[in-house]
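Two complexes follow with chain A in common, the first pairing it with chain B and the second with chain C.
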Partner chain A sequence: MNYIQFLEMRPEISLLAIFVIIFTYDLIARGKWRHYFHPITCLLLMLHTGICMSESYREIDIFSGMYYTNSMIGILKTILTGGTVLLVLQANKWLRSANTTHKQGEFYTLLLSTLLGMYIMISARHFLLFFIGMELASLPLACLVAFDKYRHHSAEAGVKYILSSMFTSAVMLYGISFLYGTTGTLYFQEMTSGIDGSPLQIFALTLFFAGMGFKISLVPFHMWTADTYQGAPTVVSSYLSVISKGAAAFTLMTILIKVFAPMIEYWQIILYALTVLSITIANLFAIRQTDLKRFMAFSSISQAGYIMLAVIGGAKDGMSALVFYVLVYIFANLAVFGIIETIEHQTRSNVSRDDCNALYKTNPRLTLLMTLALFSLAGIPPFAGFFSKFFVFMSAFKAGFWILVFIALINTVISLYYYLLIVKAMYITPNETPIPTFNSSKYSRISCVICLAGIVLLGICSFVFEEIDRISFGM
Partner chain B sequence: MEFTISILALPLISFLILALAGMKLPHKVAGGIGTASLAIVAILSYVTAIQYFGAGRGADGLFPTITPYNVTWLPLGETLHIDMGIMLDPISVMMLIVISTVSLMVHIYSFGYMKGEKGFQRYYAFLSLFTFSMLGLVVATNIFQMYVFWELVGVSSYLLIGFYYTKKEAIAASKKAFIVTRFADLFFLVGILFYGYYAGTFSFTPDVRLLASAGIVIPVALGLMFIGGAGKSAMFPLHIWLPDAMEGPTPVSALIHAATMVVAGVYLVARMFPIFIEYAPEVLHTIAYIGAFTALYAAVVACAQTDIKRVLAFSTISQIAFMMVALGVCTSADPHEGGLGYMASMFHLFTHAMFKGLLFLGAGAIIHAVHSNERSFMGGLRKYMPVTHITFLIACLAIAGIPPFSGFFSKDEILTACYSYSPIMGVFMSGVAALTAFYMFRLYYMIFWGKSYYETELKKYQKGEIAEKPHAPHEAPWTMTTPLILLALVSCIAGFIPFGKFISSNGHAYEIHLNAAVAISSITLAVAGILTAAFIYRKDSNRVILSVKVQSKKFIIAAYHRFYMDELWLFVTKRIIFKGISRPIAWFDKHIIDGFMDLLATASQAFSYSIRRFQSGNIQSYCIWFLHGVIILALILIFLV
Partner chain C sequence: MIPAEYYLVLAALMFFIGVFGFFTRRNLLAVLISTELILNAIDINFAVFNAYYYPEHLEGFFFTMFAIGIAAAETAVAIAIILNVYRNMGTIRLKNLKKLKF
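Now for the complex of A and B:
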């Protein structure tokens, strides 16, 4: 084997290097150096984002086709990394709180290992490598979910996540073994020719799909989502809802179009059913939630359904719609979670919708950002969310699924209702004692401003989508 | 010419700064930022003009059309895309000069006029926004960009008319302006879409073959676009918003409702002129008739108004109508054979912007001094406000068409064009021109001559009839008089610009020559108008005028009420549209559409309640659901597909 090939995996190497630096820093830094831990990590991650971006326009095919990257994959990695940077910025206050500050380093290292896992997962062109990447992305996440272990909920959420995650991994591995059995290979490229749609392969496809559905949290594989999101530290819920989901959705699409292309009519049916179920059921649950994190969990399930609309055609424009959707979704969702995080810091408990009552009076700017982010999530023009939904619908429409698009459209109306409930609470519902005016940390403010810029500008600056569209690929 | 981007960028930046941080800035700093950025814009515009016209004509004898910037903003199809960019050609460069000059004057003037007003910073922010939008409109590279900025100027006009938002009339006026122009813009948009669909592009230079094959659609599209232009340019019967718009601060009226925004409609027709003349000459001539009627209507109404700003507003409507007529009477693209009107229209646009801006700014100085718009509070002001008096007189002479002031030259070209189209049109427009001279000097004499309101009040005070001593009218501060003097200078010399050398209908140089018959007759008519006005209004009461007034009382009252056009509109909207159309639609919306939404809501609530048990929090049941999901999916796929 030619070990020089490792040097081609530059984003991974850079990430690993940062991992090592942070790990070492955590071990040796004492006293006032601990204070610089967070800023240094942020800087390193930003640097890494830059490296990722500069490295993205390359097509690499190494280890006899096991690892593959092109400009689209590179861009997605950059987007995920950028999202992680925003997330770490938002985590500032939480990381410095008394219970967490001594294990800051653990948080970073665990976070970075999951990110590395996602990199590998996206770039893998071999089921074993893909599986390793996925596990690397999941297992540290379980630790992160249980990070506030002194809190009962967090621990419980961690247990639930790791148990269901193990369960799904086993199911998925079972499916992959069937595939190996019928085709005799694990390389994506070689496997395609052996895919013929025999019942065994259909069963394998379903099992594999269930595993991915778990990661993306599609109904009926979504059960863990609400409990985990609610219990996990807000930053981790946020990470689960955007970064992890985005990576998994992209991987699902590439595997479907690369490996399962001959079985397109089968997986389109699965996607059809799961999309309808996810969007509708998640919406129905979301209406009843008053705990904001639990509410966002259901919102993220229904958003996952919308993302699947982009996958269903398996075409080039679906891929670009997917990546654009993920990009926009990262900004909007991180803004919402970031605000929940800051409010949580004031109330010292989980935030419910009633906590937001009349928040407008005391924290007008925060409220405005929250409103815009919710508008974007609901898909109200001219915010970016409208355009991302539009492209996703267009791609499904072009693939001929117009009934599906219609169902999704009706659901956007329902989703508008529950997103606006929060806006209504913040602006209209009277409240004698709203949460008093507070200042969030500088870091989280930077992150909020970036999110705001993303929400407002991504829809207007058409070149972003055009660029993504230019480099995307399909079946 | 890459620097032209900063012509657009500077006002935008100034707007953003003032809008975001304005209220924290002191008045002077806020005004300073706006004015400084505008000063740079004005300099850059002059540099652009000098470079552009200085570069000379190309080999084909035309000034080249330069596009320093053009980005595709929204690609819609193979050829159809919406661009954003900057296009320089003779008329857009001319408009750059007009807008930046008047806007700069207004910026300086407002320092004095708006001094101490609440919301001073907001005012300057809106001015910057307006200037940005207007500049973006004229340099648009395609009709859609023009439409985008067209709406932006509409918004900034709305914001500025309603600047005194505590005043009920101002709010009503701003709403009226917005709704009426938006209504007209609807047609504009439909026209653009037709045009885009059939011409396959939004650009001003479409594929000739497509246009020719589109048949009747192109004239229809152009006609619809003109309705949009008629809304902005206050053509009858869409003029009703402009007189009310005078509720805004007077410098705003000078900038937006006299010099720049209201001529956007004229500019639009001029922009589309090559297509008009080639594919829709009938539409163009219809525009001429609409314009001619508007010119007469507005001039008659102006004769009966007592509010000085209203007089100026109707005069603006009438003068814009002159420009429209000039465009409409063109029969070919050659200025020597029936295409003179295009040049005349642009020339008049240029000179009118200067002298009408001056008139409004002068009126502002007067209002500033006597604190009222009504003529009864004025009279005899020439002694108290010498600078305003002289500059106002110059502007009046210019608009009346007395040589050597600028209005004479441009109006003369318009009349020549009208005569060459048809003698009737020429005679008609000459008559309106005489009427213009009459009502302008009526206004002039009422303000500056006659019995002084102040002196009457002072006498009453000395006799002890009133308790409070009246304020003496005073000349405006230098920030306000400087723009007056500068604009008066421009109005004196602008007529001597060899305008045809820069702008003409087919782009080739055209030597302006005065038509002696037209010139002499129009001067005679103007002088007659002025003399009549002097005879009637110079002294206060006059027996002849009283008897005329008594005999035509009904007519004067009708004219004062603008021939009841507003009432007619109210009748149409309130009685016919609201009652006949809107109410049934409202019922349908409330009961059928909302009912469906309510059903959706109730159904989802009920369903959501019934499935809440699935999310039990029990991990074993989660795994069971997971497995069930897998098995059911697999069974469906294997046995049913």
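Now for the complex of A and C:
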């Protein structure tokens, strides 16, 4: 065994090093050094993003094909890390509040271990490594969901998340065991030649979809989403909604095109049904939500449906549309969740739509950012969200699913309605006692500015998409 | 030697008993035990496939070992969270988990 191979996994090693540094710092730092904990973590993570980016243009195939990375996977890792940096910036106020300040270190270490799990998950070319990565990505997340120990909601959300996560991953493993039984290997590459669409393999494919559908929260497997998002701390909800979802969607696409390529007509039918169900049902449920976090949960389910439009063709342009969609979605969704987080910190309770009434009068800049982010989520032209939706639709259209694209287009109109309900509440609805003017911390202001830049510029600067499109790979 | 089908039928039975228990039990710990049953069914499946059909490699056995380890970790986290629920509500009956609802 050649141990020097481990040195090739540089993003993972760098993340692990940061993990160890933060863990040790948490143990030994006392007094005023506790105060610098958050800035130091932010700096280390930014450094790590830089390392990821510089390491991304390499193609590596180690451990006899178990671990594989190329420039596309490297870019996705950079995007996920960048999203985590934004998230940690936003978490500043919550982490400094009285109930969590002594648990800061635990938050960072748990967050970084889920990130490491996602790295492994998207680089895995072997089902054992994939399974370990997936569990490493979801177990610490359960701890994070139940992080607010003294809040009833958090515990309830945590137990709902961990039990359904265990159940679905077990169901998925049962499917993988049948794949192993019929093909005799767990390597993706060798398994493809043994896949012939026998009934047992169709059964395995269905069970596999149950597990991944849970991670991406597609509709028949979405029941945990709204409860968990509402109960979890806001920072953790936004992590669940963008970063863990983006990694899982990419993994689903790689496994479908690498392993299940001979069964394409079967999984296209399944994906077709899942996409239509996710987009439509989530949109209809989102209309009747008043709690903003619950509302964002249903919005994220329907966005996951749109991401699946990119997967269904299984082609090269689908993959580039997927990664670009995840990139834009991270900026827009983190902006919305960041604003919910700051308002929540101000009112000290869950934010409902009525709380936002006439927010424009007291906090105009915050309202403007929220409006732009919601427009981007809905896909209104000058913003990045329009372009990402357009590319996703294009890739599904090229693959010949024009009825599906039509259904998705109708649903875009419905989604525009409920996003605009919030905009209307903020600008038009009169309110005697709006939330008073407040200043958010400078960390969350930095992250808001970055999100704003992402929302506005990503659509206009076409070289970003061209670069992603150049390095993407398909079936 | 016992035919492989016997083991596979046993694993399938355990799997579906686990699924049934997951949906019908009313106590959080019982729900947890049901998922453990499913995970054990998977371990049997992997070991049997490896021993009977592909004895030249050890992939299935390795998967079983890792699956056992990860199942233990999952159980530890789940029990910690269930303890948290108990501290907050004084009960672990499923019907009391109704603060978050449509």
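FYI, the second predicted complex is superposed on the first by the 475 of 475 C-alpha atoms of A that agree within 3 Å, B and C clash if a C-alpha of one lies under 4 Å from a C-alpha of the other, contacts with A are read in each partner's own complex, and residues count from 1 in each chain.
Quick note on the criterion: a contact is a pair of C-beta atoms (placed from the backbone, for glycine too) under 8 Å apart; a residue touches a chain by one contact, two chains touch by 3 or more.
Here the structure is a predicted model, which is why all the values come from computation and not from measurement.
By the touch criterion stated above, A:L284 is placed in contact with chain B alone, chain C being left untouched. Once chain A of one complex is fitted onto chain A of the other, the partner contacts of A:D227 extend to both chain B and chain C.
Applying the stated contact rule after C-alpha superposition, one finds that A:V171 touches each of chain B and chain C. In the superposition on chain A, contact of A:T185 is made with chain C only, not with chain B.
Once chain A of one complex is fitted onto chain A of the other, the partner contacts of A:T206 are limited to chain B, with no touch recorded for chain C.
In the superposed model, A:H152 makes contact with chain C only, not with chain B. Looking at the shared chain after the overlay, A:L163 reaches both chain B and chain C.
Contact with chain C, but none with chain B, is seen for A:A142 once the two complexes are overlaid on the shared chain.
Comparing the two complexes, residues 159-160, 163, 167, 171, 226-227 of chain A contact chain B in one case and chain C in the other.
If you check the complex, the residues on chain A that touch chain C are 127-128, 131-132, 135, 139, 142-143, 146, 149-153, 155-160, 162-163, 166-167, 170-171, 173-174, 177-178, 180-181, 184-186, 226-227, 230-231.
Of all residues in chain B, those touching chain A in their complex are 73-75, 597, 600-601, 604-605, 607-609, 611-612, 614-615, 617, 619, 621-623, 625-630, 633-634, 636-638, 641. Considering their complex, residues 159-160, 163-164, 167-168, 171, 199, 202-203, 205-207, 209-210, 213-214, 220-221, 223-224, 226-227, 265-266, 269-270, 273, 281, 283-285, 287-288, 410, 413-414, 417, 462, 466 of chain A touch chain B.
For chain C in complex with chain A, the touching residues are 15, 18-19, 22, 28, 31-32, 35, 38-39, 41-42, 45-46, 49-50, 53-54, 57, 59-60, 62-63, 66-67, 70, 73-74, 77-78, 80-82, 84-85, 87-89, 97, 99-102.
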